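Below are structures written as structure tokens.
You will see subunit A twice below: alongside subunit B first, and alongside subunit C after that.
Our next item is the complex of A and B:
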């Protein structure tokens, strides 16, 4: 009827995107204030992997077998380097404890008062956090992967690379919504650091950060016909470290790969809604601490 | 009692509150290790009534001071009106919205400034926070620049907006907080102790600024404070809350009129006075050398003053109302006596 007037639904959408873009830009600027700390933190991340490689070297020299559960010495090094890459996407340092802190000290109030969505704000600042991190970490990562290139199998096909990238992106979202939900439990518990600690522990065991999850394939879970690895595959944790690495190394392929990508995507959706519900219920219960 | 809504018509009331009550459950943390261990299994809790059924109507363009001792429920009321918390009982409407539903349409039309809380990004210059507000509140870019410059110049902080906020003094930060809060031209502004910890000059600047902006925009403002200077400089209407209830709601002039029975007369005499003679005239608050401060009943002042000027050799005289602080403190105390501790064991 009236072509001059913008469709009313499009305008708020666009404005939402612009807010998000500004939040991202400002978060990047804020992150850059601490670039020195970032650079140091990046280097520190390489240290644990060195100990892990030494540990497995010792394991391999103690046994006469050439491989353990399908992994030889080279595979292990490649595996740990790859999980480090997936954790660069999925780990969210300080996210849950930061949310809980802002609930406790009352700084969350401004997100209740201003017409802005807290979760999208957190997402923007986390994307900013990651982008700055990648900018700083790209060179050392590239150098390490180049030096260790002999441990890796030949480059996989393009379709595997695409699946790998999708799994990394999903692992970012999964890690984000998991930790955000965990932080919002702060509306009920105020202090979530022990919860976060418990989560980290389970995460460390079941994400593949400690050992490749398919090493559990031979252990029965107690449910007839399923191994522990099958059970872990239904949980969200392995998608934050093991899964992307396994995709790159060609450990999961074809229909199995599609199925697991769908499980990962389903967890992202579940945690997205869990996060929304926690926010809705939590803010209703919130009593506005801190003056 | 003063009621602006009656004068301006019901439709012009911006804030309407009826029977608003808020209870908090608090857990007592017992002292000592053994008691702390016991508290793991059974925690003593009790309900604290922060607000006990408040009725309040505020018309468009009013500047209302909310006074009360610490813990009286002032901040709780502001938190309810800005939608941060939900009430236990009662209703409230601000600009036609229920605040705790937190509709974006509502949130674009008001602002809350807390004296002890930051909305500016700590590590970035305030200009960046302003830019974010421009997006969040969808302010037209040209209009935004105009408003920002106007506000910044009124407070004399133009030079500071490019400096990281963490490097600024408390007063400078507060001024920039105010700018941030007013960029989207809120119709309603809640100020929670905006001058806390500021020096006299900064307080004065903020008073002048708030008065100007409020008059120009016909903004409705509710201010909580402990400084009577804020009240005297800014507000015509005063609401006193103690123990979660409204004790007084009326004009500033009326409170002075209603609650002061005495005047304070300060005399500078030529020589030290005769104490007995002075005491006959009024209650001496202070006699230090030739300087005398007397408290005299208002009804007697017309009789006493001529007598004083006749009998004493007076160099200088001033007659003042009892300071506002004292009146308000008296009100607070009377409120304490009236309402018993707002607690219900459970």
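Our next item is the complex of A and C:
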């Protein structure tokens, strides 16, 4: 690097500085170009919500009820927008498949000899990844939320906002440990893409990404006395999309809110240990194949 | 034309052989698309536990709506099977210069670029779509008249043609720009608008959206018109929609071909 950048000996020091500055400017500009594409992509991700909003508006126009499972039309719009926000925290694109790939091609070996904990490394890089994402996605998110402000109920109390932020942070950790554990299954199966797909399917349906979980309350699960919503409440998935949105909209309050936050934290702990166990057991049976 | 059919047959056979070589993978891919589809169906079933109809007075009650969904599944599975795998490869071909190899072959470039790969696993959804259509239609109060069945396949074809034209337009854009991953995402998000009955787009925002998606980018004709012909009474307005769809399909294919040829003429080899 130095050999290329170093100014000729005769040139004043200022020239070197200028070259360095140009390189910085170029890389910032490069980031900016990429950012436009990225921001546009983020905006487009809201498009399916547009159809969803029209669909629910049509549903409400045809039914005599004012609300469905406690959600009126505005609540539903706000709900979908809020799940976009919780997904921005909990979704981990490429994490599980990336881990499985590094197991398969052998690049995971370096973490076995380096004094660096693999999971901590993954967590740090995911945090960085998310921070860049928020920096870029903040503007489109803010624009959409501002345009849609009339769908939202009045700002909740400070305590609710705090609980909402805590639920988002926990959903980031939960999503991270869920996907990391899934990726670690690569020690046993090598190819996890079908497992990841199954996970995505279950996640999409049961996390509340598709519709508020409350809508399942009237549907029997086959176990006497329990609805499908009860069954979903036993699983960790709802904390990755539904729960933060429900908190903001005031669907969970008081003691129930505290209880569910504790359950969410408990799921994070459970998945943290599951991930550790998978790493311990997995590296023990790992035979170091690949390059 | 017979020559092209024979060549397409060869392509299809090669892809089928390849798919059946990795049989477990093929079955897994079928299950994948079936999985997404059944999840959507579950969602619609859930919606119909809360409402008798999608939009008041639109006639899209449960069975007609499922006939609509089935129509969408059939059309999309054909597009996914025939055109999407090739179109997805195009981006890479433009970047790597593999497109040059295609251009020197003594075949029509558009044909070769849009149809050289066939994804048979995508047809699984279409088969389920046909079954679903049969189930829904058998529960109609008034069965569709014979004439509806006669023009239904033609309208399916028009739907496929409109979507194909859109793929070709995006392919042309790819050739011009060199790289446009988000344009393919755009295709996905745009077709998203065709998933529901056009009647849901109403009001101050929905009206203009519906007009744009009908007359500018005729995405709302793709599923809506065939589904309407089969699931709703054949009134005067529907006949206009049928005529409009046939015209739109013809126009879309001709315009997209023109745009594609133009972008090929401007193409300067990428690398190699």
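Methods note: the second predicted complex is superposed on the first by the 241 of 291 C-alpha atoms of A that agree within 3 Å, B and C clash if a C-alpha of one lies under 4 Å from a C-alpha of the other, contacts with A are read in each partner's own complex, and residues count from 1 in each chain.
What we mean here is this: a residue touches a chain if its C-beta (ideal position, glycine included) is under 8 Å from a C-beta of that chain, and two chains touch if they have at least 3 such contacts.
Please read all numbers here as calculations on a predicted model, not as lab measurements.
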item: Which superposed partner A:134 touches (first subunit B, second subunit C, both, neither); value: neither
item: When both partners are placed on the shared chain, which of subunit B and subunit C touches more of subunit A; value: C
item: Partner chain in contact with A:273 - subunit B first, subunit C second, else both or neither; value: neither
item: Touched partner set for A:106, first subunit B, second subunit C, both or neither; value: first
item: Which of subunit B and subunit C A:115 touches, first, second, both or neither; value: first
item: Touched partner set for A:18, first subunit B, second subunit C, both or neither; value: first
item: Contacts of A:188 with subunit B and subunit C, given as first, second, both or neither; value: neither
item: A:286 touches, of subunit B and subunit C: first, second, both or neither?; value: first
item: Subunit B residues within the subunit A interface of the complex; value: 24, 75-76, 79, 82-86, 102, 104, 107-108, 111-112, 114, 116-119, 121, 123-124, 128-129, 131-133, 135-138, 164, 192
item: Parts of subunit A lying in touch with subunit B, wherever the complex brings them together; value: 15, 18-19, 22-23, 26, 29-30, 33-34, 106-107, 109-110, 112-116, 284, 286-288, 290-291
item: Subunit A partner contacts - residues on subunit C that touch it in the complex; value: 28, 32, 35-36, 39, 42-43, 46-47, 49-58, 182, 185-186, 189, 192-193, 195-197, 199-201, 203, 206, 209
item: Subunit C-facing residues of subunit A, complex; value: 37, 40-41, 44, 47-48, 50-51, 54-55, 57-63, 65, 68-69, 194, 197-198, 201, 204-205, 210-211, 215-216, 218-219
